[in-house]
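Some notes on the structure that comes next.
Chains here go by letter, A, B, C, D and E, matching the order in which they are written, and residues are numbered from 1 within each.
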Amino acid sequence: METVCLNKSDDAFVKAVETESGQRVSRCYQCGNCTAGCPMFFTFDYSVSRIMRLIQAGQKERVLSSSAVWLCAGCETCTQRCPNEINVAGVMDACRHIAHREKKFGARPVSAFFKAFMDSVRFNGRSHEVGTMILYMLYTGRIWTDVELAPKILPKGKMPLLPHRIAGRKEVAEIINRFNQGLSDPDLVRAGLETQGASAKEAVS
Amino acid sequence: MSVLEGKELRVVGFLCNWCSYGGADTAGVGRFTQPTDLRIIRVPCSGRINPLFVMKALVGGADGVLVSGCHPRDCHYAEGNYYARRRLEVLKGLLPVLGIDPRRFEYTWVSASEGQRWQHVVETFTAQIHALGPAQPFAGASRPADRHRPDAAAV
Amino acid sequence: MKIGVFICHCGSNIAGTVDCAGVARRAAAYPDVVYSTDIMYACAEPGQDAVIAAVKEHGLTGVVVASCTPRMHEPTFRKAVERAGLNRYMFEMANIREHVSWIGKDMEANTNKAAELVRMAAAKLRLNRELKPKSFPVTKRLLVIGGGVAGIQAALDAAEAGLEVIMVEKQPTIGGKMAKLDKTFPTVDCSSCILGPRMVDVAQHPNITLYAYSELEEVSGYVGNFDVKIRKKATCVDWDKCTGCGLCTEKCPSKKSYDRFNEGVGPTTAIIIPFPQAIPKKASIERDYCRMFNQGKCGVCAKVCPTGAVDYAMQDEFVDVKVGGIVAATGYDLVDWTVYGEYGAGRYPDVVTSLQYERMLSASGPTGGHIKRPSDGKEPKNVVFVQCVASRDPSVGRPYCSGFCCMYTAKQAILTKDHIPDSQSYVFYMDIRSPGKGYDEFTRRVQEEYGAKYIRGRVSMIYPKGGKLLVRGADTLMGGQVEVEADLVVLAVGGEAAAGSPALAEKLRISYDGYGFFMEGHPKLKPVETNTAGVFLAGACQGLKDIPSSVAQGSAAAAKAIGLLSRNMLDSDPQIASVSVNRCVGCRKCIEVCPFKAIQEIDMRGLPKAEVIETVCQGCGLCNATCPQGAIQLSHFTDNQILAEVEALCRF
Amino acid sequence: MSIQDELKSAIKAALPDLSCVIGWGAGPEPLRAAPLFIRGEADLQNFSAGFLSVNNPALYLPALKGSKVGVVAKGCDARSVGQLATETLIIREEVHVIGYPCEGVIDVDKVAAALAGVCEPGEVGALREDGDNVALDTPKGEVRLAKKDIAADKCGRCIFPNAENADVFVGIRRAPTVVEDAYADIAAFEARGTEELKAFWEKEMSRCIRCYACRNACPLCVCRDHCIAASREPHWIGQTDDVPDKLFFQVIHAVHLSGRCTGCGECERACPLGIPVLKLKRALSRRVENLFGYKAGIATGTPPLLTFNIEESTIKERDW
Amino acid sequence: MSRIDVGYFPGCSGLGTSMEYERSTRAVCRELGIGLREIPDWNCCGSTPAHSTDAALSAALASRVFAQGEKAGIGDMITPCPSCLKNLRAALEHLEDPLFSARVEALTERPLQMRHRIRSVLQVIIEDVGPAKIKARVRRSLKGLKVVPYYGCLMTRPEKLMRFDDPENPVALDRLLEALGAEVLAFPLKTDCCGGSFAIPARAVTPRLAGRILDMAGEAGADAVVVACPLCQMNLDLRQGQIRAGGVDRALPVPYFTQLMAYAFGLPEQEAAFRKLVQDIQPAFACMSRRAADIEAEEGKVAAAEAEKARKAAERAAKAAEKAAEKTGTKDAAADGAGKKSAAAKKPKGKADVDGGEA
């Protein structure tokens, strides 16, 4: 382990997490209740309460490159039981969103699965389970994933091989494309709103 | 001069002794910086505040009037603030009809421990009055409502 | 009128951002001001002497001091002007420290504002009138509300000092929470052995009258002369006849009543004597469980009672007493922990509260001092203690630390080992708070000598699995999730203000905080006084505290009450309302609104008029603001005085 | 039997138990009736009630507290009686209220406007009621006017034309002019904006002659001879002719009546200069009605400003 | 029964792995008078993967769903899937924030106009229909079936967003299953996470988390684990083999609550769609039938004993009344007393008649 230099706290990162999640991380008093109830704890590199602590200390790099932020299942147990009413799952979400924007993927298979799913949605407008699986195997090279389940489920007729494509799939694809182009970046949008406000004021005067 | 020209407006506060005056003290002890416009009149209880005092100040040339008492249930005299709440809330209905901007008058509750809240109230209310600008006095007074009459002239 | 103005520098506190000499110069020009100066420390002895000297030298008839808040030094300066030979009310203060120098850095604005505040004070002072207090006799009797350890201490101390004491206790016995405890920390001495004799003292003291199973119905009056109405709730047993033999409790067929004293650990009967050492040791009927009341027939207790004390038709009775002072010592309750769904919300019998556990540990408790699991009566081996349940938890509205749980949990872990030598205790804690004498050593002993395992983290969930309870928690020091298989889980549930505290506070006209705890007069300097003269606080009703602190506060409250009631006469505050009979039209509006019933209607030559009962009036001025013709005026805060202040601010 | 006759017989029946009955009789000029104190049957011949019964007889009741009196009441008069009783300024049992359905009362200023170019109202020789109209004898011949065109403003928004809670009610209850007083006049007035209204009051109050007719006509004024407008202890207003002092008196009167004013409009009617002082009171009445659902003189129980609720569901306090 | 008309968002899995949920939901809603208007050309709601990537992206997808609803004049909608529900609700909440809504509009270029409300199918059934009406519709009681209700982590959480039932110990499903006649066993892991969303990318998760839930259900003696979430169902049902490798030794069927409702309402297999489940439910039904027979026999005995008791009591009362009458000599009183008693004794029988008439 490295010595953490507490003077080098990335306060901008703390602020970014707080803004994105709408939570005040300073409210956390490290009781560990989130960690205690976390079902995914055993898959994490840092426990939830430790992630909260790292955020408090402004340890941006360690937080964003952790696998924990990607492996959070969003089950909301931590949020539900936090004595300080912090939306802990929301803080994890915010960290993951920032990580995504900064292209940091602390748990490859997870981000690959998300990508596979989103690609399926981009093609069809809806998610298509078989398609998602194929893309996932393609992205990760894990071609034997769940192969033993195929004989169980295929005869049930629950896994249509062809996707349901919706009429408005282009619309959906555009949403995702615009996102990938960074059009919804908070800083960009905020700047846009401000110039808009300014020009509106000018128009009045 | 009484208020600093161009800097301050005339803001009168009526505060109950037990909660809000104490809250303003707490804000002072905590060095919570506030605008200097407000002048505070101390009364025992918000229930002591006859709505006519508020009107007297507004008709007499105040640019804003702020009343603050104990939070409901916390009145030192048990019930005074409940009466104040009704009377002041009703009073708000009179101002616009008289030609006085109702935003020039507000009432609120601040406890003796809420120094920070008091700072926030003073900042917010003072900013609100500054946004409205100086109130024009009712014309037709024999004593000119000279806003910057030097003290020497008072004697 | 000849007014003198003194502008205090308060060292640099005021002078740092206010031109005090400049303010004094401006004040010299105000109407009626004949003398004006600035002064380094007005409140210090030389400062006060300077004021007195100026009064004498310049023949001043009124004094304005501009310094700190009147809430701090008004009494100081009033005494000073009194020493100078003036009436103490011929004095006004301008608050130029808390309201000026401390909240702004702009010297010009501050100086100007300070001068304005002085103008306002001087304008009001011109209309001040000499006020003289009236004195009235004191009733030398003390009411103590609550018979827990704090109330007992206060009552005994006051009774020893020769005061007559009335004690009112809600439950059928005194003793409070302490009577339920098995042992006390950090000495692990027997709770009932130390409390029991004091309870007996209360019963036997010639100066103490005990009303058990009674509540305060009404309070009126004022310091020195409160009129108190006590409701004696119907016990359905004539306590004059009852000998406390207990035959009725043996024969009562309704054996499934909730046992309040034992916190529901095991059932009891409908007619009860709460515990063997109860004071008074008298039986009472819990109507909710009694067959006579529920089914209309039974009557077993009446049949077996050797003295014929049972009286099903008994009604509540009222007792009126006059007292000079009141001590509130109503204690606390445990928070209803069933809000914690993740701990089973009360569905799992083997999850108990610390107080229930205390009854299980007690030799006089329902299990005879044997620790048994409520579900199957088996002896537990692994006992998990969870601290900070409903303490330091904003999500359930209890963000405060209850203060005593760390210590009693350590004690219970020790007792667990004493009772079951092969047991293992686990304690989940957030921080160990043990600042008392010998306390921290105690929490070390439980770990080092008794082998209790302390785990730093909260518990997320408790659920039954295979006859045991699975406790899912965190060990934040180890950095991860932990699980314990427990036979019994004890929740160290935090405390809250006793049920009904706000209602009692309203009866006593004292303030209470957002949680229902009574507010002391000053957090440091008036820890047992309240804002209502003559009402004092003792014990956990003011804020959660352990036994030593409660006892200390009980004695402190008694000392304050003894001091008050040692006087034969008291002075009334003359800042009260008075009626100008010429102006009063008898419309009764002031009578309608007065919160203290301090105004009465009188007949004056056939005309109705209002009259203020001087000793009852508290000086709030609500009547003054209500009277349309201004016939009733609050002395020292008259319409004219406030109008003068408004004018001083608005006219210039 | 006409309402007039019915009222007379009701008065006659009640008189033996009462020291007097207050009603209306002929006034100084044909368009103005005057209050009539009926002490015996002989006085009855002067009695009349109808379109000219403008004055509010409740005005006299507080001074008569202690003796049994009767009062003939329009809807608005009965509200005043009700409010006085609620505040125990009179003892309700002492007052015998003889109510009738009011069809509205005259506003002489409106007649003057209608007769502009014809004659002054004082020159009108006689007034005859004829259903929904009146016929006026003027120097230039008969002029017929519709009652609704010359009725007081308050009649146009009247929700209680029938004397409520009367001890005796004569005639057939009529439907109210409107179901609910929406205070549309106040809303429209307020909409003119603070600047314009400030100028409005400066102009109006500059005409005030401090005669206090408004106060003296108000049945709910409790202070009477002890009005703070004429007092130095306390000294609320100066005795100058300045607008602020004169305006402040109107503020005092309005604030003193908040939660109590029944809207009888006598203050405004009595004003010799026609200053619309009722507006201030109605602004407060609207507020009180909206906040506490209290209609003075109709609602029973403590007036809203002399009581409170710990939780005020209708008061939305500012969130700082 | 009064009709309820509401928009319907089936969710992507309804077309695939949770088609039994979809089918049975439609059938049950039809029976209960809940008219479903499917959102035309709906798209993925933006749940887990989108939400995990970015809140604005997820809300943009949700926003298109709402916009599609708007086009058809639908503001009020329901969905069977708790994950879709949470996501759609979260989107609505976040859209209140101006910056966030600007970010979303940057993606959709299509601002929303209507006020939307979205609830779960379970919520609508329990709140708008209620257990009493459901009970009245039961044709084939589930008497004898021991079940544990498994709500999953999202049905009630986050509490402030979902605003449904108790977040730690929900009972809506319990009440519903009881109304169908089933015996609902205490189940402390009702809202524990099963790890379903990570079944594919993190394989260690399912055996551990879902295993814990199936273990506990098995220990409790359940015949079936009843669920309301497609992700949970697939995880617990399809992956039971993977889990069993981790220690569970008993096959447990994992039906949706709507399937059991369809069964209880007497709807055909086509609509209950039990055959779509990987773990066969038939053994559980067999168990149920056996137990139901036992229960009925037992109940019969108890009823007979009680009737006997009542008859004896009536006899005794009549005798006592007679004696009393003899003593006082007022026969009327005796007749009166006896009459009262016998009337009381008759009362339950009268009620049974009414019930019979209704049936």
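By definition in this document, a contact is a pair of C-beta atoms (placed from the backbone, for glycine too) under 8 Å apart; a residue touches a chain by one contact, two chains touch by 3 or more.
Model, not experiment: these values are computed from the prediction.
> Listed by label, which chains are in contact with subunit A and with subunit E?
C
> Imagine subunit C is simply missing while all the others stay put: what groups of chains do you get?
Without subunit C, the chains split into A, E | B, D.
> Tell me which chain's centre, taken as the mean of its C-alpha atoms, is farthest from subunit A.
The chain lying farthest from subunit A is D.
> Identify the chain pair with more contacting C-beta pairs: B-C or A-C.
B-C
> Please identify which chain has its centre, taken as the mean of its CA atoms, farthest from the centre of subunit B.
E
> Centroid from C-alpha atoms only, then distance subunit A to subunit B, rounded to Å. What do you get?
Taking the average C-alpha coordinate of subunit A and of subunit B, the gap between them is 50 Å.
> Between subunit B and subunit D, tell me the centre distance in angstrom, where each centre is the average of that chain's C-alpha atoms.
Once rounded, the distance between the two centres reads 35 Å.
> Find every residue in subunit B that makes contact with two or more other chains and list them.
Those would be 56, 60, 73, 79, 83, 87, 143.
> For subunit E, jot down the residues that touch at least 2 other chains.
167-168
> Counting only residues that touch at least 2 other chains, which ones in subunit C make the list?
Residues 342, 593, 626, 639, 643 of subunit C each touch two or more of the other chains.
> Chain pairs in touch?
A-C, A-E, B-C, B-D, C-D, C-E
> Would you pull the subunit C residues touching subunit B in the complex into a rising list?
On the subunit C side, the touching residues are 26, 29-31, 69-72, 95, 97-100, 102-106, 108-110, 112-113, 115-117, 119-120, 502, 506, 509, 511, 531, 575, 593, 595-596, 618-622, 624-626, 634, 637, 639, 642-643, 645-647, 649-652.
> Spell out the residues on subunit E that touch subunit A in their complex, using ranges where they run on.
12-13, 15-20, 41-44, 48-57, 60-61, 64, 68, 98-99, 102-104, 106-108, 153-154, 157-159, 167-168, 191-193, 195, 197-198, 200-202, 204-205, 208-209, 238-239, 241-242, 275-276, 278
> Under the stated contact criterion, what part of subunit D meets subunit C in this complex?
Result: residues 87-89, 222-224, 226-228, 231, 233-236, 256, 302, 306-307 of subunit D touch subunit C.
> In their shared complex, at which residues does subunit C touch subunit D?
580, 582-585, 587-589, 592-593, 626, 628-631, 633, 638-640, 643
> Inside the complex, what are the residues of subunit B that reach subunit C?
Residue list for subunit B touching subunit C: 1-4, 7-8, 10, 12, 17-18, 21-22, 24-25, 27-29, 31-36, 39-45, 47-50, 53, 56-57, 60-62, 73-74, 76-80, 83, 87, 119, 143, 145, 149, 151-152, 154-155.
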